[in-house]
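We just call them A, B, C, D, E and F in the order they show up, numbering each chain from 1.
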C-alpha cells in the first residue's frame, strides 16, 4: 500500500519533521511518501494562496496516480480545491480538514477547530457549510499564529491551548480539531493537558486513506464527475 | 460608473453576442466592458476547469481594479473562486450565480436552477450549501446541453423548458434560475412561455454590481480578508 | 420608470427628509414618489401596529398599481404583510427588510441587524425564519431607540454604533443591516466609522425594485397567488 | 373555565355545526363560546383575506379578554396574525394551526398537512418555517376544495383522503393534519379509514387552551411584547 | 379515563408528594395512578441509568395497557427509551420531556431547559436533535443539583432560578422548561418570580395524555412499528 | 492491538462467517475477537429488541474493557444504546452505523442507507437526526428482508440492489451504505455491479476503531460523562 502525502505549499522549513511524523503515523506495511510543492506560496492562509497553489496541486495529484500510488492525502486543513482533486483521479483523495472532522464526529457531539489566523476562519467555515457539518461544530477559533511561526512550538502550544480552553468552557466544545497540519506534533501534548480528544488533521487524513484502501473504496464518480476533455488555451 | 464583466473562459464563440447583451442590460450611464480570458479552458464544466481558469481569472480581476473599474462581475453561474476574488480587491466583485439566487429570493420562496450538465450539478449544490440557501432551492436540474452547444438556441430552449416544467410541477419551484451565463438570451423567451420568473445570472450580476456602487457598498473585509504578502516560489 | 415608495405609517415628521433621500438614491431616469399613510399608527413597533396599518397599506399598494406605477417599495424594515402585498398586484413589491438582507448576502457571510426596540426583535427574527436566512444572520440587536426618536441623529448614531461594534466583536457579524428605514441617513456615516458594510434598507428596496424592472421580473404568482374574489361583509 | 373560540371569517354557513362540535370537544366544566366575525371575508384563503379580517379579529380577541374569558382559540388553520394576537392580551391565545402541529409532534416523526387550495399552501409553509418545524413536515398538500365547499362532506372526505394516501405513500407522512378548521368533522372518519392519526386543528386548539389554563401558563411577554401606546390617525 | 404515570426510577423519597401533585394536576374525571419502578436505579442521570431502568420500564408500560389504562405518561424529562415504549403498546405514551417542549412551543419562540447535572445535558440535547427542535431551544443549562437533592426545595429553587435568569438574559430564552420531573413543585413559584412561563414536564405529560384521549389519538404505528415476535434467549 | 467486536444479538447462524469476515478485514497486527450475546433477541429490528439486548450489551462492553481489549465495535448498524456504551468505558467504542456514515462522508455528498425492514427505517432516521447528518443523507430505504433471511445471499443481493438503484436514480444518492451488519459480505459484489461506493458498516467500525487506537483517541468524557455510582434496586 503506497500513499502520497502532498503538502500543498512550497515551504521546506517543516518538511523533514513532517516526513518523519507522517511516516511514523502508520504501520510499516504502508509506504508513505511526503512531498511539498516546488512552486506556489510558502503557506496557505487565504483563498488567494489556494489559487496560486492549485495548478501545482492538481499536477501533483495527477502525478501521484501516474506514479502508481494507491491514495493521496492533501496535507492542509483548509482542504484546498478538494472537489477538483477528487474529480481528476480514481484513487482516493482525502483532505486533512475533512478527515479530522470525521474523526471528531466519532468522538463527540460538538468540536471546535483552532485555525492559524483570522484570515482562514471563514475559509474553514465555508468548508463546514459545504460539508453540512455546522450543527456539530461549536466554534472556529484562531490561535493568531501564522503558519510559518508554528515552528516555535512553545508559542504555538500556548496559543492553541488558550483558545482550546475557551472553546471548551465558553463554546461548549467536547473535542479540539487542530486547524492546520503544521500543528501536528502538538496534538498529543495538548490532549494530555486538555483531557479532551485533540485531533491532528494530517494523521487523520493518512489514517482515513488507509481505511479507504482497506475497504476498497474511493470517491463516488457520480458526485465527483471526471472532467470532460476540452480545449485549453 | 465603469464595470468590467469577466467571462472566465477562453471561448470567443459567444463573445460578440454576450458583449451586446450585457451592455444593453444596463443604462447608458454605466460603462460596461466585457472580456473573456486569453488562456484557460473554453468552458467551465468541472472543478478542474475552474482550477485551470483560476490564475487567469485572478489576474483579470486584479487588472480590472488597476484599470480603474468600479466593480467586476464574474460572468459564470458556477461562481468560480468567488471567495478569492472578493479577497484580492477592494471594488465589489459579484458572481453571476450568487446574484441570480439573490434576485430569485426576492421573487419567490423556492426556485430551481437549470444547469448545463450532470457534471456541474454538485458544483452548484456546493455553492448553495456554502451560501446556506438550501431551504430556498427546490432542485438543481440539468438541461444536458454542454456550454458550447448552447449556441443552438432552439435546442437549448427546448431542453431548459422541459426541465423547468418538471421543476415547477414535480419539485415545487416558483421561479427558474438559469444555471449558465451562456443561457442569457433565453431568459425572456422562457419567461414568456413558462409564466414564472426566469432569471438570467449574467444580467443579475451586472444589476447587483450597479446596486452596490449606487449604495457605496463593497464586500466586507472581515469576511474576505486581504491576503497576506508572502514568498511564492 | 416610476416607483412608489410607501412608508407604512402616518408620521410626517421624517417625510420631507425621506422624500429627498429616497429620490437622491436613484438616477434621474427613475421617477420616485414617496408617500406615507393618511391613517394608521405613527410608527410600526409591534405586530399590532402592523395590523392597524395593514388595510391602509393594502389600499396604497393597490392604488400604486392603478396609478400606473411600475413597482412599489414598502419602506419599513419589518416587511409588514409583505406576502399579502405581493399577492394583490402584478407589479414588483419589494420590502425594505428583505432587500437589505439580500444586499448583505452579496457582501459577507454573516450580518447583524440593529433594530429599534426589544419589541421588534422577534418580528425581525420571524421574518428571518420565514425567509430561511437564519444561517446568515449573526444576531438581531436593539438600539433601544423608538422610531420617532431616531430624529435625534446623534443619539441614534451612538446607540446603533455601540450595538454594531458588539455585533462585530461578540457575535461575529461581517456587516450591519439597519433595522429601520428611519435610520437611513445614518448608513454612510456609520460605514465610515465601522469600516464594514452598513446597509440602508430603504435604499436597498428602491435599488432592488429598479433591478426587477430592468430585468423584467416580478414576484412569482405560483408563490403569491392572486386572491380569489369573495364576499366581504 | 371560559374559552372563546373565534372563527376569523364572516360565514355563518358552518357556524351551527361548528358551535356544537367545539362544545362537545371539551368537558362540561369548560364553557365554550364560539363566534365568527361580523365583518370581513366569508373565508380565509389568501394573505389578502387575512388582512381584511385582521382588524376585526384583533377586536374580537381584545373583547374576549374584556368579557372575562380565560383563553381564546383562533379557529383557522392558517393562524392569521397570531403573533399580534398573542401580543395584545394576557390570556392565552392558541392558533388552530400551531395547536394541530404540536399534537402531531407527540404522535409521529413526520406529518403532512392537507390544506384547501393551492393558494394557501405557501401561507401554511411560511408558518411552518416561522415555527421552525420544517424537519417534521413531510409535505403540505392541497385537497383542491375551497373552504365553503367543504360543506359537501362526501366530496371533501374523498378529496382529503386521496391526498392523505399520497402523503403517506409518497411523502413519508406518519400522520395527517387537517389544514382547515372547516374539515373538523372529517377527522374521525378519515382516521378510521386511513389507520394513521388524523388531527383536527379546531379541537387541538381548544384542548391546548385547556392545557394552558390547567397549567397556569400563557404566552411569554418577552417574546410577544405588549404593544406601546401611540397615536393612530 | 384512566392514566398511569410511570416514574422510571426506584426511589420512593419523592413518591408521596409526586402522587399528590400529579393527581391534583388533572380534574376528578381522570383517574391517575402514579407508580415508580421496584427495580432499577434510584434516579436517572446517565444513559447507563436508562439502560438499567429500561427492562423494568418496558414491563411497566406493557402492564399498564394490560391493566386497562387508557394512556401512560413517562414521568422523566429525559424521555428514556421513548421510541420503544411507543412501539410496544397501542395506548398513547407521552414522555415528560417531549410534552414540556410541546407546551413551550405554544408560548414562545425560544425556550431554555434547566437540567439537573452536566451529565444529563447531552442526553437532553440528543433528544432535542432527535425531535428536530434545536431552532427553538435557546440553551440547555444545568442547575448542578443531583435528582435526589432536589428534595431540598430552597436549594433547588435558588439554583434553578440562577440558571433561568442567565438563560433569559444571556441566551435569549423566552420561557423556561424544567428539565427534571423532580422539579415539578417549583414551576409555579419560579414562574411567579421570573415573570416568564415556567413549564413542569410531569404535568405537561399528563395534560397532553388527556388531550390525546379527548381527541381519540395515539402514536402512529407507521412511525412506531409494532415489534416483530422473535426468539429471545 | 486487541479489538472486541460485539454483535448485539444472540443468533449464532451468521457467527462463523462473521468471525472470519471481520478478522480478514484488518491486518494481522490487530487481534480481533468477535462475539455475540448469550442472551437477548436473535436479531435487532425494533427499539424493543434493543431494550431486550441492552443489559447484555452493557455487560459485554464492560467485560471487554476488563479483559484488556483496546477498543470495542458494536456490530449493528442501528447503533443500539451507543451513547450509554461510550459513557461506561474509557476505551473507544465505535458503532457500525456511525462508522459507515463517516466513511460515506469522505466519499460523496449524499448517500442512501438500505435497511432491512420498514420497522427499522425510523430507528435509523432518529440516529441520523441525533448525529445531525440529515443534509448528507439522500434517503433511507428498506430491502424488505428480515435480518435472519439475509443468509439467503442471492435474495438479499437482489433486494438491496433494487433499492440501491432507486436510491441512485430517484433520490440522488452518490453512494450506498448497507444498513445492517448482516449484509457485510454483499458490499463488494454490490459495489462491482452498482459502480458507486458501497459501504459495509461492520468493517467500517473495525477500521475506525483501528484509526482511533493509532491516533491515541477515545470518546470525549465531557460529551459522554462517566455514570455516577448510585443505588440500583
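Note that in this section a residue touches a chain if its C-beta (ideal position, glycine included) is under 8 Å from a C-beta of that chain, and two chains touch if they have at least 3 such contacts.
This one's a predicted model, so the numbers in the text were calculated from it and none came from an experiment.
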Touching both subunit A and subunit F, which chains are there?
B, E
Over-half contact-pair match to A-F, picked out of the listed pairs B-C, A-B or C-E
B-C
Expressed in whole Å, how far the mean CA point of subunit E lies from that of subunit F is 30
Once you find the CA centre of subunit B and the CA centre of subunit E, what distance in Å lies between them?
52
Separation of subunit B from subunit F, taking each centre as the mean of its C-alpha atoms, in whole Å
43
For subunit D, write out the residues touching at least two other chains, lowest number first.
109, 122, 126, 129, 132, 135, 222-224
Pick one for the touching-chains graph, please: line, ring, star, complete, other.
other
In the complex, go through subunit D and note every residue touching subunit E.
25-27, 29, 92, 94, 98-99, 102-103, 105-110, 131-133, 135-136, 168, 174-175, 188, 191, 195-197, 199-200, 203-204, 207-208, 210-212, 214-224
Residue ranges of subunit C in contact with subunit E within the complex:
122, 125-126, 129, 134
Show me the residue ranges of subunit E that touch subunit C in the complex, using the header's touch definition.
109, 135
Which subunit A residues qualify as touching subunit B in the complex?
10, 37-43, 45-52, 54-55, 58, 81, 83-84, 87-88, 117-119, 122-123, 126, 129-130, 132, 146, 222-225, 227-228, 230-233
